[in-house]
Structure formats: C-alpha cells, structure tokens
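Next come two complexes built around chain A: one with chain B, the other with chain C.
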Partner chain A sequence: MTQDLLRVENLQVTFSTRHGTVTALHGIDIALKAGETLGIVGESGSGKSVTSLAVMRLLDRAGRITGGRVTFEGRDITHAGHADLRRLRGSALSMIFQNPRAALNPIRTVEQQIVDVLAAHGKLSRANARTQALDLLRAVLIRDPEARLSAYPHELSGGMCQRVMIAMAIACEPVLLIADEPTTGLDVTTQQTVMELLARIQAERGMAMILITHDLGLAARWCDRIAVMEAGRVVEQGETVALFEAPAHPYTKRLVAASPTRASTLADLAPPDLARDAPPVVAAPRERKPGTPPLLELVHVVKSFGGPTRAVDDVSFQIPRGGSLGLVGESGSGKSTLSRLICRLIDPDDGDIVFDGESIARTPAREFHLSPRRRDIQIVFQDPNDSLNPRYTAFDSIAHPLRRLEGLRDGPALQTRVREAARRAGLPMDLLERFPHQLSGGQKARVGIARAVAPRPRLLILDEPTAALDVSVQAVILQLLDRLRREDGIGLLFVSHDLNVVRMLCDDLVVLQAGKVVETGPSQSIFQRPQAAYTRMLLDAVPYFDPQRTELLKTA
Partner chain B sequence: MLTGILRRVGRRLLASIPALFGVVVVTFVLMRVLPGDPAVFFSSGPSAGKEEIEELRRSMGLDRPIPVQLVRYLGEVATGNLGRSMTTGQPVISDMTRRLPASLELTCTALFIALMFSIPLGVAAALRPGTAIDHVVRMLCTLGVCVPTFVSGLLLIYAFYYLLGWAPDPTGRIDIFASAPPDITGFFLIDFALKGDWEGWMAAFSQLLLPACTMALFVLAPLARMTRASMLAVLGSDFIRTAHAMGLSRLRIIVAYALRNALLPVLTITGIVFSTMLGANVLVEKVFSWPGVASYALDALLASDYAPVQAFVLLMAMIFVMVNVTIDVLYGIADPRVSVA
Partner chain C sequence: MSDLVLNGSSTGRHIVYVLRSNPVTALAATGTLLLVLIAILAPVLAPYDPVASNVPQALQPPSWSHLAGTDQLGRDILSRIIWAARLDLVIAVSAVSLSFVTGAVIGGFCGYRGGRLDRWVGRFVDVLMAFPLFVLAMAMVAALGNRVENIVIATAVINLPFYIRFARAEVNVRRNAGWVEAARACGDSHLSVVLRVLLPNVLPAMAVQISLNLGWAILNAAGLSFIGLGVTAPTPEWGIMVAEGARFITTGKWWLVAMPGLALMLTVLCFNLLGDGLRDILDPRMRT
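Now for the complex of A and B:
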C-alpha cells in the first residue's frame, strides 16, 4: 500500500466573529498520493479555500483548527510549531493564489522576491543568485526572462504575475502544490496556458497538486480526483470521470447541471427549483422588418487615450431592436472602452454612434445625462459589490436613476416603479430595505440589473455581469437577462470574455482584438466555423465542462 | 531617472509660485484689516502727540491707500527686501537667518525622536492588535495629544530640571555663560561638531533635549497611529500571506515586506507633521525661551509689527512647499509604482 502524501482527517475549523464562533469546516476528510492531482470544487462559502489555508496553517488570527488531523509525509503537522512550519512552507509544501498581482510584493522586483524564497530555505548560492532566479523564470516559460528579473509586479500582466508566483512556489522543488483559484480573473487564453504550465511542471517534477476552483470545467479537465464541498463539508468525492458521469449527491448534480457544456442552452442550466423566478418562456418571434433603423449602430468609431495604439480602432457594428450582441475579446482588447463609449460615458475621437436612427455621438459625454437618450441606454457593471453605494438600501439604489432621470419624488409612483423594476429583475420585495452588505452576490447582481432596467431602457449594456458569480447564480441571472430581452424587447450588449456564456445568450457576436474587429456574425456560425485565427484560439481555450475529456482523448 | 526627478521638482516649484503669491497678498491684507496701529505702538510713549504719530505713520508709508502699499511691498519682496522689524530694529532677513536654524534644529531633533519612538510603537501595536501593548500605545498617544505642549513642557522642566537636576536650566540654546560656536551653519550641534568641541556639543544637546521631547510627545500620536493603521492594512494583504506561504522568516516578513510598504503613508504624514511643528509649536519655544522664528513672529504680531509677521508667513509657506516636494521625491524613490516622469 502506498503511503498518502497528505491526509486530512476530520478537520474542523471555526472562526470567531463579532457574532460568536462560526464553524467553517465540519470535519473534512481528504487524502492525496504523491504526484496526484486532486480538485476541490464548490461555490463561494463552501470552505474550499479555508481547507487549503488550514492545511498550510495560514488561517488568519480569527480562524482556529478545533479538531481533526493533518498529516503530511507521515508527520502530523496539525499543531506544528512556527519554526517547523516555516521550514515546510515554500519548500516541501507550497501554494499559489488567486489574484496574482496582489499576491506579490508591489515594491520588490521579481528577482528579489524569487531570491527571498530561495534564501529562506538555504537554497541560495550567493554567487549565482541571479542565474537561479533566471532559470526559474525560464522554467515557467516567461517571455524575455532577463528583462523580467528587474520588473515590479505592476509592470507585468496578470498572467505573467501568476507565472512569477509559480516560479516562487516551485523554487524549492515542493512535493505538493496547492493552487487556490490560480486562473480566476485571467483571460481564457491565459487561463489555458497557466494550467498547461502547471500540468507540465507537475509531470516533470512528479509533484502532487490540489486545485481549488469553482469552475467544474477546469477541474474536470485537469484533475485525477475531485472532492465536492458544500457548506464546510465534503459531500462527495471520487475519480473525476466517474463522479461527474454519475453524480450521487443532489448538490453535485445541481453544480453539474449549472456548468455550461459545449452543447448546453440556457434552459438546461438551472433545475426547476432554482429557476422559479424565471418561468420558461415561449420564444416570441422577433420581427426584423426591413426599413426600420437598427437600435444601435456604430460607424467607424475610433478612440485613443494618447498612447501609441488606439484603444478602439475603426469599429462598426449594429444591434437590431430587441437583439442581443456579444462583445468578446481578451483584456486590453478595447471591449470595456467600447461599452463606455456606447453608454456615452466617454467621447469617441472619430466615427458615429447612432441610436434608433439618431446620432448620439455629438452630445458631449458630460452633457449626455441631460439627453432624453440617457434613459434609453443603461449599464450593468461588472462587480456587483463595488458598483452599489454601501450607504444606499436596495430600494434607494433602484430609485436613484428614477429620481435623477425622471424627477420622480418619494411617493406611490416611485414605489410602484421600483417594485416593478425589482420584480423584473427577480428581486424579492422583502430585500428592498436591505443594504448591500446584507445581500448575497446574486442578490446584489439583481439590484444592479433592477437599477438598470428601472428607467425602462431600450438598450442594456452588460459589462461581464456574471464574472464574479457562482455558476448556479450565473445560470439564473443569464436566464433572467434572456427573459428581459424576450418579454420586454430590451436590446442587450453583452461584454464578456466567457465565450460560452456569450454563445448561449447572444444572437450575434463581435470579436475584438487590440481595438479592432477581427470577426463578426451570428454566434452559432462563429462557434461552429470560426474564420479568424484569433477567434479559433479563444474558442479552443474555453474550459468546457467535459467530464469524458473527449478533448484530451482527441489530442492524445 | 535623475533628470526625471529634477524635471518634476522644477515643475512643482514653478507651480507653487501662484500659491506663494496668494499667501503674500492675503497676509498683507489680513495684517492691515486686523485692529492695531503700529504707528501708535511704536511712537515714543502714551503721551505722544498727534503730529508725532502722523509723522511716524508717514515715514512708515502707512498713510498711503492699501493697494499702493501692497504694490510697493510686492516690489520689495520681489527684490528680496522683506522690510525692517520695528521691534528689533534689524532687517527681517537677518533676524530670520539667525533664528530659523534654531527652530529647524529643534524641529528636526523632535521629529527624529518622535519617529524613533512612534514607528516601533505603531508596529508593536499592529502586531498585537487588541492586546495590552496596543492599549498602552493608544493611551500614550492620547496623552501626548491631550496634554498641551506648555503643560508637558513645564512638567518635564519640573521633573528633570527642578526635582532631578539632570537637565540644564531651560533658557535658550546654550548656557548663558558658555560661548556659542562659530557661526558656520547656525545649527549648534553641527557647528560644535565641525569645530571638534564635544563638550560644547554635549551642552547644546542637553539644552535641546527637553524642548525636543516636549515637541515629540505632541506629534507621537499621528505618527504612531498612522504606522499602526497602515501596518495593520499591509499585514492583512495578500502578499504577506504569500510571504508566509513561501516560508520566509517572521522578521524578514515584518521588516522587509510589511514595514517597508507600511512606511509609505507614514512618509506623507511626516511631511505634514514637520511643517506643522515648525510653525505651530510656538508654545514650546516660549516655555524654553528658545530663540526661534515662531516666538519671534508671535512677538511681532502682538506688537502689530507688520514686516516680520508677513515674512514669517511667507517663510512657512516656502518651507511647506519645499517639504512637500521633498516628500514627493522620496515617495517616488520608495514606491516604484509612482512614475517619476
């Protein structure tokens, strides 16, 4: 019998908060053999990060291990002293984190930070510290490694920061690497290269890995075994293929159902009990009469921020009335700039923006709030947490545009309109008096949508509205948006880097690269027959939920 | 890099000229609006006749309309003439150059002492938030802020001079019977050191210690509280967790990772504290008979002596600008995220 590299038995963790102690982990059991990859999946708050931090003994002051045992390489490290832990961390047992840029010290160079890790474990030879750091950067396949040595984290892209982070984590040749959401927040193509890099390093060095992720597609593709966590418990674990093929626990079933596959449609994503706010609707045939002007038309729009390249370079497209258009591209492709241009928060340098047959590009952005068109074009922002005023109740947030744009006073009229908007966004009425910190992520997203639909817009711009949400919440929000479009005829401009979501929601697609349109057309045909190389690359990188790994079999 | 810094300093200094001009004008007008007639104050006595006062007023140029006076004053300032003090009879410039080093020496020493104590205290409080250390530091800071400097100064004199006899008598920068060092920089500690007179250096230093401590006590709070808050924020950040996960030693994490990042906002506060100390701690100068610029300006203000007050405000404004530029440059060096250009 081979010895387990890491064994976690009945691990319990509690946090002391202002409202007493909260139990975060109710007895976790997981085990991992050398060289193996274990995926821990679950939604936010399920305790998957707490598990990894408890194993590393990195819980903050409020968190405490109250029971159970963590055994690493046959040693009980549950109550190991500081000195023992320090020797272990970063050498035999290492970790990489979500949000790599914040995980690196902003005022130390890449070289200094890598050297710090080597020095901490006595692996540094003073004479060729630089060469050692350089070799590590080469191992993580960073372009132009010599130049990167003296760079600071803010000078690197998110993907490069994660590579530096990996270089630090593998500097002392660990036998186990814990990767806590290593690709969340990165572009799909970067996600793929980072995961490929991790798999390669793992294979080369025979390293075991725990991959913590909310993305079932990612876990299914890269892990040998999966543990599913819900509310501080492991509800199910097993071999990846077997587990996802025949999930036994209802929570796993729900997660699997909510994860988009290559062929899933919006209706597939959420089981009936979750979709109660969004009853299935019969698709009304949308009229596309020739002769009526499109809802929105962009004509050779150009925007530059003074740099050597244009942020938006000669972009033209149309959205028909009640149509939906997806705007996809990697970060820096100009999609956010474009959405701000259309929302008239900034002015284009050249070209025209025509809304319902009327040019709106000539009204300066700072005066656009006076235009009657302001009501017609509304936006839902990416981060549901940061885009709500923490001192406003949900009611005030939704009432704000009504007060400002329609001059409604407090009274029955305002009440009716806010309730109507909340109903359309599927927000329960009893939540209207709550403040943002009293709402869940999905509820906050609904407040953001209700606020945007309150002035009865005709075009809704959605800037990555589901990027920060769990898959089951994302499924419900997507269905809600689709219903708004079908029932109320609101045109949707959906900005996202998640092509799968765009495919399900949007009729048409515009692919942007470095400010230029590289491909445009109906979503289905682009997904089936991408023309541009860039589009193909984006499509290949999408981590579909594909438990049978047809992809891997094909390439193998 | 260096040319970038120089260019930025130059730009900042140029940009501060309108502000300085505004300060000059506002001070000038304020002095004229305030009650009090310098001519009456400086005439031979309470019995001075009306003609004598009129004569004095004419010789001081006070009979002219205020705009005319202002234009003339601006012209003089532009040529470097800040006027003559009626109280000392000396040109304001020479009074200032004699007294400014005294104030600067006191303030710099006080700031140094304050930083020496506040940063370790703030770090200690941040490392153990909510414990006895944290509460003791908080109490010290509260005391420092609550007790007015003239009270804490007098208490220190009472304890160290009267009761213990450790400190020399609190009168000025040096014992009245000792000889002052040669006037090289105006900073006694530096001048004595340059001359190699270590006995004199010790004498000047012991004179300096009590007033400097009094001043330091007052600014301990903002510096220590800022260090604590910023250290707490940094200790909670992701890259500190990374450093722990990579097995770096505790000392290295606290000093090289946390403290260096935490000191950035403290640097900003230090600049503000320095400028404030220089002008606002007039009470310390008064209590210790310290011949500094602040007490000089206060005397002039009470005597309705326009020229020294106006010169003092201008000087403070210029020092404020200089300190801010210096802090900006230091910040740019300490934090690579701030672009130098």
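Now for the complex of A and C:
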C-alpha cells in the first residue's frame, strides 16, 4: 500500500467564544494519496473550511486543535512549530481561497506578489525572478502574461485574480493544494476554465488536491473521492461515482436530491416535508385578456455610465402579469444595471419602462420613492450578507418598507404585516428579533425576500438571490419564489448567471451579452435549441450534477 | 431608530457585558458618571460659595476645612472646582454635539453624493485644517466677543473638519452596500437614506471620535480661558483657575494650579478611555 500523503485522524477543533467553547470539528478522519483529488462537500457551517485551516494550521486565535493528529508525508504536523509550518506552507502545502481579489495584496503588482512567494521559500534566483514569474503566469494560461506582470489586482477580472492566486500557490511546486471554494463567485464560463486549469496543473505536476465546495456538480466532476461533511463530522466518504450513485447517509441523500441535474424540476429538489405542503403544480391563469397591458414592458432602454460602451444597450422585453422572466448573462453583461433600472433606483438614458400600461421612466429615480408604483416593484438583492442594514433587526428590516411606503406605525397592524411577510418567506418568527450578524446566509436571504414581499408588490426583481446560498437552501428559496408567483400572482424577474436555475423557475428567458439582448424566447426551447453561440457557451459551462460523468466520458 | 422591538434587558445585558469584559471602560464610565453627577449636584456638594472671597483666609494650603486649599482671595478651591465642572462640561458637550451633528450631516452628504459638492467641501475642510486650530479659535472668540457661546462656537468650528472627514469616509465606503439600495427600494429618499440609514451605521465608529473630542474640547475651553479669552474672572472655570494660580506657583503655593489641573486631567482621561467602550456598546454587531 502506498503511504498516504496526508492523513487526518480524529481531528477535533474547538473555538472559544463569548458563550463558552464551541466544537467545530468532532473528530474527523480523512486520508489523501499523492496525486489524488479529494472533494470535501457540505453546506456552510459544516466545518469544511475549518478542516482545511486546521490542516494548514491557520486557525485564528480563538480556534484550537483539541485532539487528533494531522500527518503530512509521514510527519506529524499537529504540533509543529511556527518555523516548520512556515517552511511547509507554500512549498509543500499550498492553499487558494474563495474571493481571490480579497486574497491578493491590492498595492503590489502581480510580479511582486509572485516573487514574494518565491523569495519566502528561497526558490528565487534574483537574476531571473521576472522569468520565473512569467513562467508561472504562462502555466496558469493568462492571456498576455508580460503585460499582466505589472498589473495590480484591481486591474484584473475575478477569473484572472484567481489564476494569479493559483500561480502563487503552485510557485513552489507544492505536493498538496487545498482549494477552498476556488470558483464560487466567478461566472460559469470562468468557473469552468479555472477548474480545467487546476485539473491540468494537477495532472502535469502530480499534485494532490483537496477541493472544498458546496457545489456537488463541481465535486462530482473533478474529484476522485468525496467526503461529505455535516456539522463538524464526516458523515460519508468514498469513491465519487459510487458515493453519489448510492448515497447511504440521509444528509448525502438530501444534498444529492437538492442538486439540480440537467432534467430536474423544482418539485424534484423539494425536501419531502415541503413538497407535501406545496399545492399541486397548476399553471397560474395567465392567458391574457386582449387589451390588458403586460405587467412590465421595456422599450429600447439604454444606459451608459460615461464609459465608451453602454452598460445597457437598446434592451426591450415584456413580462406578462404573473409571468416569470429570466435575465441571464455573465458579470458585466448589464443585468444588474437593468434590474436597478427597472426597480427605478437609477434613471435610463433613453427608452421607456412601462409598468402596467403606465410609463414609470418619466419619474426620476430621485423622486420615485413618492410614486405609488414604488411598492409595486420590489427587489431582492444578490448578497444576503450585504443587503440587510446591520443596525436593524430582522423585524425592522421587514417593517422598513411598511413604515416608509404605507406609513404604518408600531402597533398590531405592523406586527401582523411583518409576521405575514415572514411567514410567506418561510422565516421562523423567533428569528425576528435577531440582527443580521446573528442569522445564517439562508435566513438572511429569507429576511430579504420577506422585506421585498411585505408591501405586497406586483413585480419582484431577484438579483441572483441564490448565488451565495447552499444548494438545499437554494432549492427551498426557489420553491418559495415559485409559490409566491403561483399563489399571489407576483411577476418575477429573475436575474442570474445560472441557466439551470433560471430554466426551472422561469417561463421566458432573455440572454444578455455586453448590454445587448442576444437571444430571447421560452426558456424550455432556448434550453433545448439555443440559437446564439453565446447562449450555447453559457449552457455548456453549467456544472450539472452528473454523478455518472457522462459529460466527461464524452469529451475524453 | 428607536423603533427597535428589542427588549430592554438585552441592551442592558450587553452594556453590562462590555463593561465587565473591559475594566478600563468600566472605570472611565464610572468616572464620567461621577463627573456628571458632581456637575449636576454642584450647589449641594460645594462646601462654600465659589465666588465669595474671604481675604483673611487667602492662600491657605489644603486642610480639613478647605480640602483643596484656598486661592489668593480666600475662595475655597474645591468649591470652585466643583462649580467649574458644570461650566466646562456644558461647554464641551455642546461644542462637541454641535460639531458632531453638523459634521456628520455635511460629511454624510458629501460621502453619499460625491461629485462637485464633495470636492468643494473637501477643499474647504483642507483650508480649515491648514490653520493652526487653536489660533483660529482665539481669533474667533476675539472677533465674536468674550462670551461662553462664542467659546462653544469656536470649539465646534475647529473640530468640524474631523467630523466631516470621518463621516464622509465612513459613509463613502458604505454607500454602495446592498442595504443602502434596499432602503431606497423600501421608499427612502436620498435624504432619508443618509440621515436615517447611513449615519446611524456610522455612529459606533464616530463614538470614539466624540469621546476623544470631549477631552480636547475641555482642554480647548480651558486653554482659551487661560489666555484670557472666553470665560472671565470671577466665574469658576478650570482654565482660569490654572491661569490665576500660575502666578503663585513660584512661591510654592502649588495647590492653586495643581488642584484644577488634576480635575482637568482626570476628566480628559475619563473621556479618552471611554471611547472604545462606547463603540462596543453602540455596535449591534458586538452582541453575539
């Protein structure tokens, strides 16, 4: 038997907090051979990141390894000294993080940062530092590497920052790379290229990798073995295909069920208890009476922010009453600008926005809060962590539009409305007194939705509402939105880069590229027969949950 | 903002937690509280009339009948210190509130709007800060007239730039946050976004500044009085007391200067130490 490269035995980690110590890892066991890829999957709070930080011995001061052993290349590093660890990190063990932009030093150029890593491990020959840095950038397939050497992180896109991070991580030829959600927050197309790059580098250098992700599709596609974590325990571990084909643990089963495959519908993703509550899927009565205007109509809308290109360039589409439209594109395609235009937070340069037969583009955004249409159009923001006022409790956040738009004062009426909105968003009532930092991501997303539905809007704009959420939470939120539409007849504008999610929720689709509409039509038909090359590219990049890896076999 | 449905006991528990985990803050808070009580209860606490002279008793060193000694006119120094706490606190608190409120509002709007307004205000602040601030305050009091209100105004004006800059920077980093846009979708105008959404979020960070500033403001008022501007002779005020006592220090009558100086020092120290604790109390994120 070949020796394991990394072996984690019965590892326990506790954090000391204001309310005593909290156990983050309850004794986990993981082993990894040289050149192997292990996926650690699980939802937020399951201890995936703590595991990797404990292995790297990068836990912050509150965290402590209280038991177990970490063996790397046959050496116990559980209690290794700082000097030893510094030698190991970077040169033998390396790590890349989520949000590469935050992980790079904003005031140093790419070249300087790569050279720093090389110098720290004495791998630098002063004479050809630049050549070495350049070789690394070439290895991560950055376009125009000579020019990128002198670039600062803010001049690079998210995908390029992640490539630079990878270049730094592999600079000293580590034998083990830990990638903590390396593609979360990147566009689907970028996600794919970054993962392909990691796999290639790994194969070339015989490096072992631990891929930490909440995306089962990603794990299934790229990992040899998978460890499923829940609440600080590894609940199941095994070969990827075998594990996902026949998940044994109920938690794994739930995760697998919640991960959208190429063919899944919203009902498939349901946790059993919720599916029972949900009324039978009956399409809302949406046949339009002749003469009734659509709920929303965009007519040749144009917006530019002063740059040479237009952020939104001549966009027209309609959403029927109670209809749902998906707006799809990569970052920079103008979809967020468009959602803010429709929500009347910013003014269009040209064109018209017609809501229920009434032009709302004439009221400047500055005065739109006085418009009676304000409460009809509400928005749920992308990042639930950033969309709640830190000084408001959940109750205050949900009450905010009611106080402002309906003039409700503190009292039973406000209480009732807030509770009603919370109930519709599936938010437990006992969480209403909490501040945002005391809520989980999924709970914050629900507060955001409750706030948006509280004034009983007729159009709900959803700006990537599930991008930052775990799959099981995503499934629940999607069903919730679908129910709001069916039961209350709220029109939905769903902005996303994830075509698969959009397909499940939306009747119609608008594909945006660089501010222009590339393709529009019913989502099922676009999905089956994409016309534009760009749409096909987006579709190809979606990481389906595909345990048999049919995709991979086809390309191999 | 008080429309929080937060139960009072949770806030109370939080304050107790902050004070208990940070004894220095607790000490400073106690000191400040004591100071405020002394100022309020001055008529009750002061053993003698602070302005009544009693020349036969002049320049007595500290004794049981005059705990802090007497000055050149035989006035009881302790009583004067106690009465002066009143005046000095009123000057400091009103000057700081004035500059805090105006500075936060101006800075908040600049940070939120950006653009031309922001540039003009920014340059104005730069100009203001280029003056030696104490000299500016002297000039203002001299020009406006030797009155307590003018000390307050002068102190407020020289502190204003710090608040403008601070509020501007803090609002600027938050203006693109999702919850700011969300507030607009909830029906807030730009004005109410700044006043009711952004500024309350900046408050915890500004609390540190406010607290430090109270100390400076007291020193500033005392300094102006010391050089003969602002509060005038018989009125008990720490700066004047130090100024008057300074003449006698060479003859070994140390208590005339040391006693009010000590009061001044302790007060400023309390305010300075209070800052961090105040931030922790005001920031809901510290309640975990």
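One rule holds for everything that comes next: the second predicted complex is superposed on the first by the 543 of 556 C-alpha atoms of A that agree within 3 Å, B and C clash if a C-alpha of one lies under 4 Å from a C-alpha of the other, contacts with A are read in each partner's own complex, and residues count from 1 in each chain.
Note that in this section contacts are C-beta pairs under 8 Å (C-beta built on N, C-alpha and C of every residue); 3 or more make two chains touch, one makes a residue touch a chain.
Keep in mind that this is a model prediction, so the values were computed, not measured.
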{"item": "Which superposed partner A:I107 touches (first chain B, second chain C, both, neither)", "value": "first"}
{"item": "Partner chain in contact with A:V328 - chain B first, chain C second, else both or neither", "value": "neither"}
{"item": "Touching partner for A:D116 - first (chain B), second (chain C), both, neither", "value": "first"}
{"item": "First (chain B), second (chain C), both or neither touched by A:L492", "value": "neither"}
{"item": "Partner touching more residues of chain A, whether chain B or chain C", "value": "C"}
{"item": "Chain B versus chain C as contact partner of A:V13, first or second or both or neither", "value": "neither"}
{"item": "Chain B residues touching chain A - in the complex, by the definition given at the top", "value": "236-239, 241-250, 252, 256-257, 260-261, 334-337"}
{"item": "Residues of chain C touching chain A in the complex", "value": "1, 3-7, 17, 177-179, 181-190, 192, 197, 200-201, 284-285, 287-288"}
{"item": "Residue numbers on chain A that touch chain C, as the complex places them", "value": "17-19, 340, 343, 345, 366-367, 369-370, 374-375, 377-379, 381-383, 386-391, 393, 395-396, 399-401, 403-405, 410, 432-433, 435, 437-438, 448, 451-452, 455"}
{"item": "For the chain A and chain B complex, residues of the former touching the latter", "value": "56, 58, 60, 82, 85-91, 94-95, 97, 99, 102-108, 116-117, 120-121, 152, 154, 165, 168-169"}
